Structures are given as structure tokens and as C-alpha cells.
Amino acid sequence: MYPRLFEMLFVSLHANSQCVMNIPSFESDYNNGAHPEVLRRLVETNPEQSASYGYDVWSESARTKIREACDCPEADIYFLVGGTQANATVIDAMLRPYQAVIAVETAHINVHESGAIEASGHKVIPLPSHEGRMEANDLRAYLHRFFADSTWEHMAVPGMVYVTMPTELGTIYNKEELEAIYDVCRECKMSLYVDGARLAYGLMAKGCDLDLSWLARHCDAFYIGGTKCGALCGEAVVFPKGAPQGFFPHVKAHGALLAKSRLAGVQFDALFTDGLYFCIGRHAIDMAMKLRDIFHSHGYELKPSPTNQQFVVLENAQMDELMKHVLFETWEPLDNTHTLCRFVTSWATTEEDLQVLSKALESVHS
Amino acid sequence: MYPRLFEMLFVSLHANSQCVMNIPSFESDYNNGAHPEVLRRLVETNPEQSASYGYDVWSESARTKIREACDCPEADIYFLVGGTQANATVIDAMLRPYQAVIAVETAHINVHESGAIEASGHKVIPLPSHEGRMEANDLRAYLHRFFADSTWEHMAVPGMVYVTMPTELGTIYNKEELEAIYDVCRECKMSLYVDGARLAYGLMAKGCDLDLSWLARHCDAFYIGGTKCGALCGEAVVFPKGAPQGFFPHVKAHGALLAKSRLAGVQFDALFTDGLYFCIGRHAIDMAMKLRDIFHSHGYELKPSPTNQQFVVLENAQMDELMKHVLFETWEPLDNTHTLCRFVTSWATTEEDLQVLSKALESVHS
Amino acid sequence: MYPRLFEMLFVSLHANSQCVMNIPSFESDYNNGAHPEVLRRLVETNPEQSASYGYDVWSESARTKIREACDCPEADIYFLVGGTQANATVIDAMLRPYQAVIAVETAHINVHESGAIEASGHKVIPLPSHEGRMEANDLRAYLHRFFADSTWEHMAVPGMVYVTMPTELGTIYNKEELEAIYDVCRECKMSLYVDGARLAYGLMAKGCDLDLSWLARHCDAFYIGGTKCGALCGEAVVFPKGAPQGFFPHVKAHGALLAKSRLAGVQFDALFTDGLYFCIGRHAIDMAMKLRDIFHSHGYELKPSPTNQQFVVLENAQMDELMKHVLFETWEPLDNTHTLCRFVTSWATTEEDLQVLSKALESVHS
Amino acid sequence: MYPRLFEMLFVSLHANSQCVMNIPSFESDYNNGAHPEVLRRLVETNPEQSASYGYDVWSESARTKIREACDCPEADIYFLVGGTQANATVIDAMLRPYQAVIAVETAHINVHESGAIEASGHKVIPLPSHEGRMEANDLRAYLHRFFADSTWEHMAVPGMVYVTMPTELGTIYNKEELEAIYDVCRECKMSLYVDGARLAYGLMAKGCDLDLSWLARHCDAFYIGGTKCGALCGEAVVFPKGAPQGFFPHVKAHGALLAKSRLAGVQFDALFTDGLYFCIGRHAIDMAMKLRDIFHSHGYELKPSPTNQQFVVLENAQMDELMKHVLFETWEPLDNTHTLCRFVTSWATTEEDLQVLSKALESVHS
């Protein structure tokens, strides 16, 4: 069985290409184009000539607006293209070559980045995941064991902690939890890096008690995700206390420097004008909470998640039936007859999409 | 003197940020937005949902059109974001860890990629540059010395040859020259990779006797540059005989996988619809030839270049005066009073831009 | 508390330097010099001039003897200096840049090599450890999940399985267990690599049903440990089906090529003359079994281990007392009053050492 | 022709293996075993048990003696196995990931280390070689161009200068030359690293006006070569102002940590007892000067070299004849009938060896 599966690895791309989708998609938050306002600004600024490699006027404007939103005038801000790229570039810049980064087992860098962190030389040390979150106690215990181990000189030395906000499982950190982690980091002279691929959806989640300004004061680096939150591409990496020395050539050496930086600059300038980034987050959360209600009203239990990713167990026959009406992702087979499924909302999710889902659930039950 | 200069390295980005440009720019071919037709397609397709990571319908359509343009139905095609990224990802995929890539001294990978090739582990072996070109004889002589050297086992083993078409100095290869290089590669079981960051401007250059179809049959990999030829971003990497095994996870591990692949797919689909890519090339060449005429008519000698990059020696006082009227790049100081300058055209260069240049040259002389 | 501990990391070496040991050491199998016969050969051959970098006559003789011992005339054999170096060099040579290696959680490459595998770009994927061993079923289950996962293209692609024989916990694989793992590897087109840092002690263990010849037919690469089995340094890497292309410059690029290769060659030539390697193994096993008897006779339970590493739980006060008489390693604190301790024998362990231990245990109890 | 040559790359090792040499060898300074006194100490200390990984008593003793010899009590000293390993490990530890190292074209790291520096991610920037030496003016000019270049952010940023003492061509630096280079390094905040693979032969060369103590005050790191100067293996890396943070795990991550560190410790302890290291150097220099006299007396011109490597042009027929009597290395073909040849002396070269050479030269001429 396996050899055939293994060959799938190297199948050319054609076979899997999908047509434009005709049914509502809750599959991911990167199936849509750009938020219309973001696109409008790209069109509007297109005729103008500009400097490149981050020196264009829109990138500078976006940096100013993000510094204000973070209440952090001395922050260094760089726009990279995507999440894996941002993670690999930032982590490699902040660690010494022999250092490792600590993350929970379910962390994006540990599972879904094809070994990009290791490809730039750094081990990812996995800690237990608590619904996607790291717990400060686990971190403390790991470090205690590490430093107590007489062979620690032969182990990968932790130099950074990586957390995602919100997590891959839709959960969020509150101030107390994140501060506890940051305290351990500072005690042990490690840096804390927060992956905010879906930050808009975390900050706008019900129960989230932290904001950009608080975040900027409680970590050493974080990125504000654009790709999943309304842009065509782009992540804004923020170093509240300044970037590592030589970060510009470091970015270039990672193949991560955008020649036409206006592409990222214009988009982030739009996202941070008139609070668009937060509007996008709020809309997706509203839709997600309605989606929860719809599932609940049909008798389904959902995993706790205040963000735009919702997880629900479906009986396999129902799942197959539902897939004829809406797109979503199968997350993990649970047993022979049940599967954990993921439904994702975004700025683009509409009330109509939800109605299609609601009707589909009815038909599945009848 | 140096320490101060050295600190410039780490100056934050603000200082250098330039305003939107008010005077015509011949500074580079990435100061403009997208070609309007490319942008139109981005707008038009924006409302549609699509698969991601290369599986979207536009990427597939673009691949089909490029395969046709290359007359190479079995080619594997991947869309990466930028040139340095494409070079580092492709070279690392095609070499064994201990292998090196041969390029001319002036090659982009040797000079202007912040050590990105070395960052993924591979030495760049420099050969002499002949107006930017590699000569097959130099390559053959290098390999002869290498294999004759009793210590070759201790040297970086060449596994690939890298050339740019057109070159960084605006020159092009003809069939005979490129074929001679490819012959040496095949004799020595090395692969040949062609960096086509400005391929449109090379293929449309007067005197260019090769086309995409011929190119696809005379190298192992090449990329069709989008960023400098009408797109906001994107390079189409073409493997005429198929991609290296596992190239998809390899791309991800390099941080080079675009989540919303539609961004690249839509743009390349537009560029390869109704010959837009070639129109863009032709327009820039027409403008470049007129620019040459303007300089000639004012008594300037230009370096030989049939492409969109033109090099001219200016007396420094004239250069400073000219810079008040048009933007261009100083390439290299020649002596205390003269500088080699670069003027670049693109799809966006207008007759009006050229008239401003012409008038400026008059005023400089008067 | 931590910061102080953390600074320990960077303390200079002096502080910890130990005097020559005056009491018997069961601390590790690399506290002794070379086996006298190995040293004798180094002395004997010292006046002779020889080629270098692996081309010396003793290296060739050693390769011939090892090929015979493995009944594998076509094997390629390279002598590297140490275990971590051998692992990093071999794994990097056999994987593509984006591929990962699968090992158990307790594997040396996952715990005690300071991230050397990741430093050359490869993720170590941890599976559960069964007293140090990997189970084929776990491997199969992991691969099943991997290939069934719709997001596998974004995960580190396994290309190799790494096992240690004997394991870090003193246990061994039998034929059936190792063959089952190798079967999975071949099904999935992954290579199998066996780390034999203590291979002599595994092959001579009671109950071990495999030998060098069988091993050479049931993996793609393995190394015969010298450093822990009688040599001053050196590991013989064996590729039964031939080395990866260009392994020689690959070794050099890893900084792992020994200029005076005679150092390794003479030692392995001695180890594989008249079965010295196996004698060394047998002696250490004899001593280890007597050591078990001594502990048993004093009422201690030892973990199951047929090899030269023995693990026993000591009450902390007893442990401290015992340390005044013999050296050994504390492996892992179990609770506030008990510690798992490791006692290691080697070719250099004597009956007198065991008597000292026996007497010490008596005094601890009295 | 080439394909066949290329396949040589992957030929197994047997074919080239040489017998023990029956005629005097001037081929290299690593064809011999250890200096007898070094070997005597290895034998003498063999029965003693010791700590490992650098914590053994002999390593500590050797470090003390080297600190005294360098008049540098605060120096950190680490013993690595070989030269390429030392270079790759030290350079990678002292640079940021995006930084490059500057060296002359003929430098060992640029030519004869199979891309090991690049394999750990760093570009080697070549400067002109002046009989193997770097000139401070060339360095200054390069840096001036670098910092004056408006595109420097896209170039590999130099972070270190690497020189060899003595050079690969047998020449040496005097104080003035090396100080001038170090001045530029300090002006530009780059570190200076001196590769002393043959340091004994440089320090003892006629006309050498620097010693270990001076050297330790005029660079940031250097290594004292053991392999080519009397040891079986081993290089002592000296950081006069302290090692980079975390150098110990960094060494391990490079696969460069010697388990039985006694092997290096005992040898360096012997080399730095009673001035043995310098005696070894002096003897080789005496022999080299006599070798020059012999060639001169037969009418040969030698390249200027005050060290143990001597270069002479031989007519090819004479070269072939001479090779029947003594071993030496062909360095570089000059034209169809002449070859530059290298003759190397060491601690092991005898008056008898020189007499054989002298007689051979006579017979060649007669």
C-alpha cells in the first residue's frame, strides 16, 4: 500500500488542481482574494512609480501606522511574503547557529512547514500542547530538567520560545498565560516570538484581553498576519525593541526580500487605515460564532474556540453528505466512523454561506 | 571613516524611504506597479474562491499556456515569488549538498543575493565575465584544470552552471554560445540553469535568435521573470524534463511556497494570454533603442546592449545635473570625474519619459 | 534560579576539569585510552610514511578485513572520527535537503547531539521509545498517518529511519524486530541506518541473534563504533550497497575528513585482526553480567539489559556513599529520594574494579 | 574526455591506495606518524582513566601551557581534530548567518575545503593573492568599494577576515603586514582569524618577527596546527579574548567534539612541554633551507619561501625521473614541458632524505 502512496509525493501538480469553487467554502482563510478595500488601494496606487525593497512610500506609511497601532514608536517592521518564510527568517536571525526553538507539538513550525526551521539549522523542541497552547509550567519544567541534566552541553540549547496567537486549534492566550511564558523566557535569557498568522481573528475573539500594544510589550518579535486576514500576501514582522543586527541582508539571504515592496506596503497600509484589519477580524469572528450556533442548533458539540477556526466531530456518512454542499477540511480521523472536521470563516464569509451550511445540516439529518 | 559607514548597515529603514517619484524613472524595471492588463485580471478574479498552494485554477491555466509557449508539454512549472528565492530554491534542489554552481563573476547570484546560495550550502565558483556572459571555453578550461588537479577531491565539486539571459550587463546569448555551454554541461554531467529575471527583454532584443521553445530544449531549468516584466511579483520556474523529486516540499522548506498561489497564477495567466509577455518585452526594447538614439544624438557612447538596460559614461557634473530631471542608477565610479550609469526601460516607459530625458540632455549640454 | 544556571552554559572549561581518576570508573566506555593491542599497532607503524586522506595502506587493509567480517565484498567503507560526526555526515548524504529522519525519542541524534542533524538541515521525527527500541508497528502507523494526511506536502517528508544497536538504554534488537523495520523502510523507499557506536557490545550480548554479515544485508548503512570499543577515536561507516555519490567530498565538506587517516586505519586494522573487536565486546559483556550479579546479590533490581550499560535505581543517600568508591553516572532523578544510575563496562573493566564495587555495596548496606 | 574524468569522482577508494612508501617523501607534512615524544606520552598515559569531552586532565594541562606560551591567561582554548573542521566551526561561530568571510583566492578555505565554509552557510569573498598573502590595501579597497556601493544591502556582508600563517605558498606575514590587516578589521568591526595549520613552521622561519604572544594580541582567533606539526591529529583553537558564547555546544553541533579528548589533550600537552612544538618547527625549517641549498647547487631557482614548503619549477622529463627516487607533489602545470612542484619538510625529514634527493638530482642531470 505504501509504495503507491509514496509515489503520490512526486505526482505532478495537474492532477489535483481544482476548479473554481461553486459552493461556499469554509475550507481555509486563504481561499479568497484580497479584501476589496485592499485591492482598491493596489489599483489606485498602481500608476505611481516608487522605490523598492522596502523603501517605497507605502511601506513607510504602513510602518508608521503599525507603530501607532502598537503604541511602539521604536519598533522595527519588515514585510515578508508568507508565514513559513517569516518564521524561518526571524527564528534564524534571533538564534545562534547551535540554538533551538521551543514550541508545542501542534505548532505550525513543528508540523506544517516541511522542516523549514530545521532547513536553516535549528531544532524544534516539542512541548505538550494544551488545545494548541503552551503552558508556562511545562516550559519551566522542561528548562529545569535541561539545566539539571549533567549532559546539557550535548543537547540542543533552547534560545527562543515560539507560540501562535491564536493557535492552530483556534484557541487563544490571555494576558496571564502569555505573561507567564514571557517571564520564563526573560529568566532564562531566551527570546519570545509570537506567530500571528491569524492575529486579527485572535485579537477580536470574545474573551481576548490583550491588544497589539500589550503584545508589543510582552514579546521580542511577532508578526501580524496579512495573507489569512485580507491581503493577497504579506506578513508584517514587528520587533518592538529593534530588529537583530543586519536583518535586511539576512532577509535577502533567506530569499525573502520583496523587490516590489509596494505590493506588501500598499496592502498593509490599507489594512491599518481606519481599522480595517480589526474589522476583518471582527466580521470573521461574528460569522464563526453564528456558525457555532448553527451547529449547536443541530445538536453538534464543537471544540471550544473563540476564533475563526471551528472544530466539530462528524459521523463519516454525514461528513460525506455535507461535503456536497459546502467545502471544509477533514482534520483528523478519530475512529472508523468519525472524523474531526474544521470549518473556517474569514472576512469573506457571508450570511448566505451560513444559510447554505444550515440548510445542508438539515438535509443531512433528515 | 569605515566604522561610520559600517554602522550604515544597521540604520533603520525610515531614513532612506523615498517619496513617490515625480520625475520619470529609468532607475530599474521594478519601480512600477503591474501592467494594467495583469492588474485587471487580479481584480476580475478576486471574488472567486480557489484552492491554494499552486492548486488554483489560474495557476493550472498559466502552466498550460507556458507549456504551450515553450512547446514542452511535459514541463513541470512552479511559481515562486522572487528571483533570489527562485535561484536559491532551484539550485539547492538540483545540487547534492557538497556541490557548487559555476557562474561568471558579475552574476547576480555571485554579487547581489547577499550570499543566499551559500546560505543554502553551496559555493559559487566565479569565472571571468565577458560583458556579463560566460564563454564555453572558459568553462571548459576550468573543468579541465579541475579534473586534472590531483587534489580535486578536496575542492568544491561543480554540479551546475548558472547563466543569466539577458545578463546583468544587458547583453544576450545567441544560440551558438548557449549551446556550446550546454554541450560542456552535458559532457560533464552538470545541469544548466538559466536565470531569466528579464527574459522578456532578452527574447525581444534585436539579434536574439532563440525563443522559449529552443531554450526549453537547451537547459535543465530556467525561470521566466515576472517581477521585472509586468507582474507585481512572481517568477515561473520551468523544468523542461521534469522537476527534481520532491520539489514541492523542497519549496516549502525554503519558505518559498505562496499560500494564495492565485496571486502568481492569475498574473502569469494574464502574461501568457495573447502574447502579453512578449508585447511587454518588445515595448521596453523599442523604448531602449530610442533611448540609445537620444544619447547618441547628444554625442554619448553607450555600451553595446540590445536589451532594456543601457549603460553610459557620464561626466559627474553632468550626471548630477541630469539627476534633477530623470531618475537613473549610478553603476560604477570609473575615475574621479566619470561614472558609469544605468538607464532601464520597461513596459511602463513612455514616449513622454524619453522626451523629458532628451530635453534634460539638451539642458545639460547648453 | 534559572539565569544563574543559564550562565553555566558559558562557563569556561577549567572549572569542571577532573583529575585523573583514582577510583574504578563505570562512568562511560570512553574514559579509557586505547586497547593495548590497538596502541601497540599505532606505535609499531609510526615510523612508516604513508599516503593520507584514506589512501594509506592500513585503511585499505582495515577495509578489506571489515568487508570480510561483513561478508560483503562490495561494501564501501569510510573511517570518520566520532559518532555525532558520522551520524550528521551520513544522514545528510543520504537525504534530500527537505527530507527528515525518523528515530525514537530517546535516540542519540534526538537528544545528545546538540542539534547536529538539524544543523545540516534535517528534522528528526520522534517515535515512542520501547526501552530504547523502535517498534515496526509504530513506524508503520506513523507513515500511515503521514500518507493519509491531506497536508503531507507541508510536512517534513521522512526519507530515512535511524536506529541504534545496541540502544542508548542498553537493549538490543533481534533479527525479527530489525527486519520488520527494514521491511517498512523498503516498502516506503526510505533508507535504514544503524548507529553502532557500541556495536561490539551489542553483537556479543547474550541473546543477540544477528551478526555483521546479517546486519550488512538488512540496512543501507551502519557504522561500527571504535571510540567506545577499544580505539582512541574512529567509527567505520559501512555502505553495504555502495556509498552515496560523491561521499568523499561530502565528508570533507562536513569537516570530517581525517588528514592522517592512518590514525583510524591502523586502529581498525588492529580491531579487525584476530577478532579483537569481538573479544573486546565479549569481555565487556562478561564484566557487565558479573556486575549485574553483584547488584542482584545485594538485593538490587536492574533494568533488563544484556549489554555493557546497566541501569539500577539507587536511594540517594546510598548513591552518594557509593560514589566515594566507584564512579558512575546519574541518569535521571526518579523522585525526591531515588535516582536511576548507569554503570558501564568496557574492554578495560577488571575483576578488581568489580571487587571494589562489591565491597562498596556491602559497606553502603552495613 | 570529461565524462570519464567525471566518473573518477565516484570511483571507490581501493584503486588509489598506496603502499607504504619506500623512498623518502617530501610530499606533505602529514605523511608521517606522530613525533616520537608525542607518541611516548600517548603510551604513557594510556592506562589512566580520565574525563572526556575536553574535561580530561591533559587537555587542561595543555590549555595552561598554551596560555603561558601565548602570554594570554584569559584565552579560551578548544582542541578540534582537523583544519577544515576548525575553520568551518570557528568561522560559523563568529559570523552571523548572512555574513561572509574575506580571504585571498589561494586560501585553503577558498580552494581546498570542498566548500565546507559555504556548507555552513557563509560566502568566501576572494581577494588577490600576493604569493599567498593578503595585502591590507586590497582589503581596504574592497571594503571601500563595498560601503560605497549603493547596493551593498544586497551583497554578502563581510564579517571576518581569514589569513593563513604561513600561507599555502610557503610565505609568511611580518608584524607590520598583519597589524595593518588587523587595523582594517577593527576599523570595520570585523574579526580577524588566523589559520595556523603550519604555525610551527611559520614561527620558526628565518625572518619571522612575530611570536605566539604577539599573535594573540593581534587577532580574534587563531589555531595552532598539530596535525602537520608532530601530532597524529588535532588543532588548538585559541580565542585570546574569550570564545563566542556557547562555543561548546556549537562544536558538538558541527560534529567536531572529540569524545576521548585525551587524544588531543595528551598530544598538545607534549607539544607544549619543553618547547617541543618549536623544536619541531625549527628542525623542519633547517631541513627546508638545506633542501633549498641542494636545489640551488644544482642550478634550480626556487620560489621565495622561508618555511617548510618549497616550490621549484621542473622540466617534465626531469620531474618524472626524480619521482623514481623521492616523493613530492606536482603543484601546477606551467606549460607543456614544465611543472611547478612542491617539496615539503617536517619534523620527520632526515639528513638521509636530503642526501637521497641530492643524489637523485645529480643523476637527473647527468
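As written, the chains take the letters A, B, C and D, and residue 1 is the first residue of each chain.
Here, a contact is a pair of C-beta atoms (placed from the backbone, for glycine too) under 8 Å apart; a residue touches a chain by one contact, two chains touch by 3 or more.
Note that the structure is a prediction, hence the values are computed from the model and not measured.
Annotation of chain A and chain D: jointly contacted by B, C, touch as defined at the top.
Between chain B and chain D, the least number of touch steps comes to 1. Compared with chain B, the chain whose C-alpha mean position is the greatest distance off is C.
The distance from the centre of chain B to the centre of chain C, each centre being the mean of the chain's C-alpha atoms, comes to 50 Å.
Separating the CA-averaged centres of chain A and chain B is a span of 32 Å. A separation of 41 Å divides the Cα centre of chain A from that of chain C.
Residue positions of chain A with contacts to 2 or more other chains are 9, 97-99, 113-115, 119-121, 153-157, 245-246, 248-250, 252-253, 257.
Of all residues in chain A, those touching chain D in their complex are 53, 92-93, 96-99, 120-121, 153-157, 244-246, 248-250, 252-253, 257.
Residues of chain C that touch chain A in their complex: 1-3, 5-6, 8-9, 97-100, 111-115, 118-124, 126, 143-144, 147-148, 150-157, 184, 187-189, 329-330, 333. Chain D meets chain C in the complex at residues 9-10, 12-14, 16-21, 25, 28, 30-34, 36, 39, 42-43, 45-52, 54-57, 59-60, 63, 76, 78, 81-89, 113-116, 119, 227-228, 232-233, 242-243, 245-246, 248-250, 252-260, 262-263, 348.
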